[in-house]
Amino acid sequence: MKMIDIQNQKDTRNIDIEKVGVKNIKYPLIVLDRARGTQPVNASINMYVNLPRHFKGTHMSRFVEVLNEFQGQISIKTFRSILEKIRHKLHAQSAHMEIEFPYFIEKTAPVSEAKSLMEYRCLFAGENSAEKTDFLVGVTVPVTTVCPCSREISKHGAHNQRGMVNVKVRFNKFFWIEDLIKIVEESASGEVYSLLKRTDEKYVTEKAYENPKFVEDIVRGVAVKLNEDENFVWYSIEAENFESIHNHSAYAYLEKG
Amino acid sequence: MKMIDIQNQKDTRNIDIEKVGVKNIKYPLIVLDRARGTQPVNASINMYVNLPRHFKGTHMSRFVEVLNEFQGQISIKTFRSILEKIRHKLHAQSAHMEIEFPYFIEKTAPVSEAKSLMEYRCLFAGENSAEKTDFLVGVTVPVTTVCPCSREISKHGAHNQRGMVNVKVRFNKFFWIEDLIKIVEESASGEVYSLLKRTDEKYVTEKAYENPKFVEDIVRGVAVKLNEDENFVWYSIEAENFESIHNHSAYAYLEKG
Amino acid sequence: MKMIDIQNQKDTRNIDIEKVGVKNIKYPLIVLDRARGTQPVNASINMYVNLPRHFKGTHMSRFVEVLNEFQGQISIKTFRSILEKIRHKLHAQSAHMEIEFPYFIEKTAPVSEAKSLMEYRCLFAGENSAEKTDFLVGVTVPVTTVCPCSREISKHGAHNQRGMVNVKVRFNKFFWIEDLIKIVEESASGEVYSLLKRTDEKYVTEKAYENPKFVEDIVRGVAVKLNEDENFVWYSIEAENFESIHNHSAYAYLEKG
Amino acid sequence: MKMIDIQNQKDTRNIDIEKVGVKNIKYPLIVLDRARGTQPVNASINMYVNLPRHFKGTHMSRFVEVLNEFQGQISIKTFRSILEKIRHKLHAQSAHMEIEFPYFIEKTAPVSEAKSLMEYRCLFAGENSAEKTDFLVGVTVPVTTVCPCSREISKHGAHNQRGMVNVKVRFNKFFWIEDLIKIVEESASGEVYSLLKRTDEKYVTEKAYENPKFVEDIVRGVAVKLNEDENFVWYSIEAENFESIHNHSAYAYLEKG
């Protein structure tokens, strides 16, 4: 039996669609890991193509077929090939993909040297057409922040809290996410760990107190370091502090023009 | 035309259902407010009845009809009548309802006396049958917590963070949520505000530093105060700290046996 | 005692910040309502200003002071004044504000004419500087969608599901959100209701089956209608279907160039 | 230097705490997989112990140390040993652990036989004391549901939607999660897939239409099958349908008494 291909029918409304596809597919992937070679991750994926005005619909199952094909090989290095494959398989002019995943790095506590795994959230996002390829990498890093104002005006103590710093970069050549995370962690009042013994807790408390930072300081601090590396041709940096004295966040955002 | 009533058909699997109904209905309600008489709130509501083994299904639209009927009068005082109305209208032996809503209270900053509104999350939950009526009220209160261990072992500073304290109570006679919130706020290292000027920030920072609390201290502190009021015949208390030096929470839970 | 104003200190890193401020403030507001004059809503608010390179920080409490001042009067009509007030009060060149809130509209079931309240999610977002004011209004509308392909190829039935359609518009003169919602609801396979009796359920099921739509059809359908009204000088439209046969979404996005 | 052990200090408030520990730790684990031997997963973990009245606090870092120790060997088979280890290491009378993780199973489309991976959400939860060990396994399964009432009363079509079915079981001997998932999928109107070609879409649409189910039918259908297997000594079953004609859910819950 021949089935009608509704998606391939003509559309007469004369309206192009920028992006059409599948959103929020949960998928296990293998990504590169500097310390261990590779790391299995549980990703959430969006895949889109453009749809020219004369077509009624897109063949959505083809996105998942491309995903199946590349499952073990998705990385900064293969992203462009995947986008091109999507574009060709769906007969589109442009293809888009966004992949978010948790990524674990083993950290060493500063004094006890106890090892533990910390989760960071990563993003690969890109677009490909005959004219151009765009690709960006993002990472969200939990940090400790001590308020400089609170510290300065108070007899003792200073309010501090967990913050989340999100950095996205465009770049010319391969780099390790681990290095980007390090830049962020060095720009905050202190790093966050999964496992701290009491000697470590003393160390991180004192270090953070001696190193107070507003959200404004964090985004500027990261920017200064990214400016020093010409590999990063564009970036956006946002810092959000889950204020311990308020029920809302302090927030700062900047991007390289 | 007479429509078949599928829900009323016989079911032969011989299995009773504890709860069947509608979940996550968004609805605007009017609740009592000590300072202002009433307060309009945006609630999220679940409504269930039991379903005896010989019926195939429940008539779900009737739940929303009861909601429409009581929209302007839902309170600690009318909850039982609403449950009875549900039970009768759906020909059920038991009825359940859960209503969650944000509730705003005007707070005064401790030094500047600047006014602002703070959001708390409230819960009304109850069950009614011919044999019994059960009703509980819950509230989630954001607080500041300073770590006693970090303070003790560190030269200066102490890690602190926002915490969330959830208290649920069963009780004999009407009480104001405002009083329950006050008990929680007094049991933490400090209160959280929407608006603090610099003089306030100094005050809350110093007060919290002088008043360090583990999650263990908070749940015990709230329990001690609830034990003093014989109106509260049962309670559960949980405290969760969004640790500023970790990417996970510290957590404590206790209930009155 | 004179307190040091840390935020006012000089910063030497030479980096401007696009946005700095407060995020995710929960606040009760009064908004305009076509049917009832006004409607109390529970909003979530972000407020930012730019920060020139030579200042260390922003005075975050001032945002909440502006919010307190305008609490009862936030609307499409006053948004610009609020942004200007923020800009002046914080000595900034640009101000940004985003307000999200649930908004309830009474709907009438198509056959039984039973009344009930439906929640829609609204957004006001804007930016103001000496050179320009930008303002957009958004709304997220739940709808029913029946798959045209599934209907065409299947002997009987067709997979259908809840979808969410988000529309954002820039415009020249005041309009009612209610009209924008209507445009979206007419572009889907069917409308979503809080209360439907059995006669209504028959009606909406049959109407949706006779009116199948891909996400592609919905965004194009909304675009065609917005193109007919010259008040809408820009728009973006996204449709997401929570597919009933998949565990992921189908998605389409377009915007007016 | 000897640091003071604040947690070990006496507490005089005379209040036992049921659970104290760490919540929402993100951690990569290896779990058993029937088809492939093992599967790497990204888990979210809670670990608690009781705290007798005379101790001020718990040593939270020890939970993460136990986790590090068992990282590659967490399963239905080792859960009890882990709980005992926690209990002993923290000098507690009872220990609790909850582990939630996404779990992927390769599915074969019903006609095209195309392979793809589906995500299910799993839970291991348990408690251990000298007197007893309790352990339960849960799984959340996305399904398709067609409304029997809508189908019966409508000329053509029937509203359908994605539903989520959550089953928790207590049991005597090891079983495969894959078998529990199969029971749920067979009790719904149809299964959900990541990849369906058009021939498959026709098949699943028609099969679901011929097999309409209320949430009431789903929980009863699962109960009937679990009752047939004496390994399952207790269960709870909940079904939630994200109704395509409403913006709320239909919900049913039952448990084995």
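Here the chain labels run A, B, C and D in written order, and each chain numbers its own residues starting at 1.
To be clear about the criterion, contacts are C-beta pairs under 8 Å (C-beta built on N, C-alpha and C of every residue); 3 or more make two chains touch, one makes a residue touch a chain.
Bear in mind the structure is a predicted one, so any value in this text is a computation, not a measurement.
Chains that touch both chain A and chain B: C, D.
The chain with its C-alpha centre at the largest distance from the centre of chain C is D. In whole angstrom, the spacing between the mean C-alpha positions of chain A and chain D is 28. Averaging C-alpha coordinates per chain places the centre of chain B 25 Å away from that of chain D.
For chain C, residues touching at least two other chains, in rising order: 3, 25-26, 119, 149, 153, 194, 196, 198, 202, 247-248. Considering their complex, residues 118-119, 142, 144-147, 149-151, 153-162, 190, 192-194, 196, 198, 201-202, 204-206, 208-209, 242-248 of chain D touch chain C. By the touch criterion stated above, chain A contacts chain D in their complex at residues 3, 5, 25-28, 39-42, 61, 64-65, 68, 102, 104, 114-117, 119, 194-199, 202.
The residues of chain D lying in touch with chain B in their complex are 3-4, 6-7, 11, 13, 15-26, 46, 48, 51, 56-58, 60, 148-149, 152-153, 214-217, 219-221, 223-224, 240, 247-255.
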